[in-house]
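The structure appears right after this line, and notes come after that.
Chain naming follows the written order as A, B, C and D, and within any one chain the residues start at number 1.
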């Protein structure tokens, strides 16, 4: 991020540092922990600083609380995004847009073997979006004549969409959405090769946050799609 | 197409049959030849029949002529699309939308070995759309430090976008758009497994053409994207 | 097969035709049904005709019976192969050879939605071969830190190798073996685009069977690997 | 490499350090520069230390010189390998083995945009191996009906095998060998995600070098294929 010439790094604060070091910032990027992020946001918003937040753990109640703080501090905006990888966000968006045109949809996500949850949060969310789009278009379940299954072979079902999770040494974070119909297949895949993949999305958030209006959830709202 | 219950096949006309057999049709699907398609369209439009056209060879002059016929026959519409494969059309659309978010973009298309042109028309068109999107977003050329190249290794350049054409026994028609940035890759791929891949797109055209307004070029206009 | 200039088609026999039409053949290709294949083989071997067999359903007992018939008819050979697709057979062979060099191995197979079993027989067999190779090399289970799994997400386990089965309209028959280690991945994939994919393997069997010795099980024995 | 419990790191020598620090080593790993590697090898072999060499730039003359040094120091062995990535080495080996069974073969290699040469050395070598295997099997050129080509679209030709080089931000080092025949495709792909991919191959070399005989060129000689 140090290489973005139009931005200036005012301060970098680690977990035991006082937040006051951030007082002169216009924007604060928060990739911390669910336990401390709410305190950080209250302080930032109270000081008129726009937070760009990649920390996880935001449910409806927490979002409502943030909305309250923003209402009390007009002119201050917040961006909270579960995923700052632009490729991953586009993959989800395109999957949702394309889903209604295909008889079948499945997801294969592939991650390093140290990941605790299967499927990934991104895969679950993608499946939900695809399921929503299919329902809205009046599509029933994807065709599947399986009558003899070795337990688990057909993957997990998320709202009726089959999701498969591969865990493999050497991988980082990857996902493939496969949509199929009459004689044709559309595949949308994202590969995250390392953590720097979040940088462009965070920079986009930092550059755009002043033009937003109050709370924005999800990086896709900043992409002109 | 015989299996679409909401549609009725009125007539199927081969190249030596008289067009009069089509007189009671509401919609005519024309997958013929550049040499005869203009005659077919004039006749159909003159009879108030909506043509759905997959025949190639439409340049600006021909489209203008069709527009003239439609203006003289209000209430009649025409859909002319170079590609009725929904997966291929979505691939092009998504590639165009995503292009501005990535430093690099290249295309690999893969076809059966009997294809005469390289790259394919679809790959050329995709490259043009990506190039347009990059220019509009102020992106320069994709980074490339190649100083020692075996002739052809880096592919063809279409408006600055590198395009590679694979020709291989066993393949049908496939294309991969690869977009890359800081530590992440987005790949959009379509696979055509056989000619039935055009059916859903043609049916979509037949079902929607009465609601269109005059001339529509490209299937993407019928997809709610 | 009619296009193989070094071979002559003597007869084509359907299920209600008498086998006598085959009496002048040197080789018979049997793609019939488990219910009738044993009768066919007994007749062919008894007449000194070499059978090349793609019919499924051969267990140890059936193979032993065939061996007995061949022993009683010296100079007659039989080739029985569960898969005549050369790409599929090579995929299995390479997967087995490579398995011991990688910490992790998983299989993703993808088929048309009319398939009854999941995973496919080919995927099961590949997993068994990989598991054997890993055991022989002293490798334990592939690393996997999953602690929270939505049922089925991690696929089926075949001898400890995770296997995922995708069922999707538009697909034919495809399989990917993914092997991963320290910072590197090896993927071996086969795509069957249509049934003609069996032709080269069957022709190879027909051309080589006279040089075999008694019963040969598996096309891989005919590939010089 | 520090994590291999059966091996002990005696010394790590940088470019300005004296080689004497290595005197008590049994094996020396040399990833240096073509300008200095010959001096290093002469010193190591003269001291009865087995060198495992990943440095590039070995031509026939250099290999002959090394053979001379080894002949003068019986019991000392050297391993010189252009590529220590096991996945890459297996990909090349399998491509060579499979090539004769397929009508068509092409290579797509994909690298980060800072690479100077196109195609990569690995892709060139793979193409040469495939070409050799095809010639030996009596196969002519892959079928290709291209009559209208935008310059470069069909890639570079290495001994008649088409090779395509993609350069893209976000990529590391990847290669795909695509083999195709009647209705089927075999794809062999390796992905290098980071430089640690060389570690297992180097460790394999270090562990096996004492059992080798004089000069060994290529890691594939140490894989039981």
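Brief remarks on what is shown
Keep in mind that, in the parts below, contacts are C-beta pairs under 8 Å (C-beta built on N, C-alpha and C of every residue); 3 or more make two chains touch, one makes a residue touch a chain.
Remember, it's a predicted structure, so these values are computed and weren't measured experimentally.
With steps allowed only between chains in touch, the distance from subunit A over to subunit D comes to 1.
Remark: among chain pairs B-D and A-B, B-D carries the greater number of C-beta contacts. A straight line joining the Cα centres of subunit B and subunit C is 39 Å long.
Per-chain CA centroids place subunit B at a distance of 42 Å from subunit D.
For this pair, subunit A with subunit B, the centres built from the Cα atoms lie 32 Å apart. Each of the following residues of subunit A touches two or more other chains: 102, 170-171, 181-185, 191, 193-194, 197. The residues of subunit B lying in touch with subunit A in their complex are 85-88, 90-91, 94, 97-98, 101-102, 179, 181-197, 199-200, 223, 225. Across the interface of their complex, subunit B is touched by residues 170-172, 191, 193-194, 197 of subunit C. The touching residues of subunit B, counted against subunit D in their complex, run 102-106, 108, 110, 113-119, 124, 142-158, 162-171, 178, 180-185.
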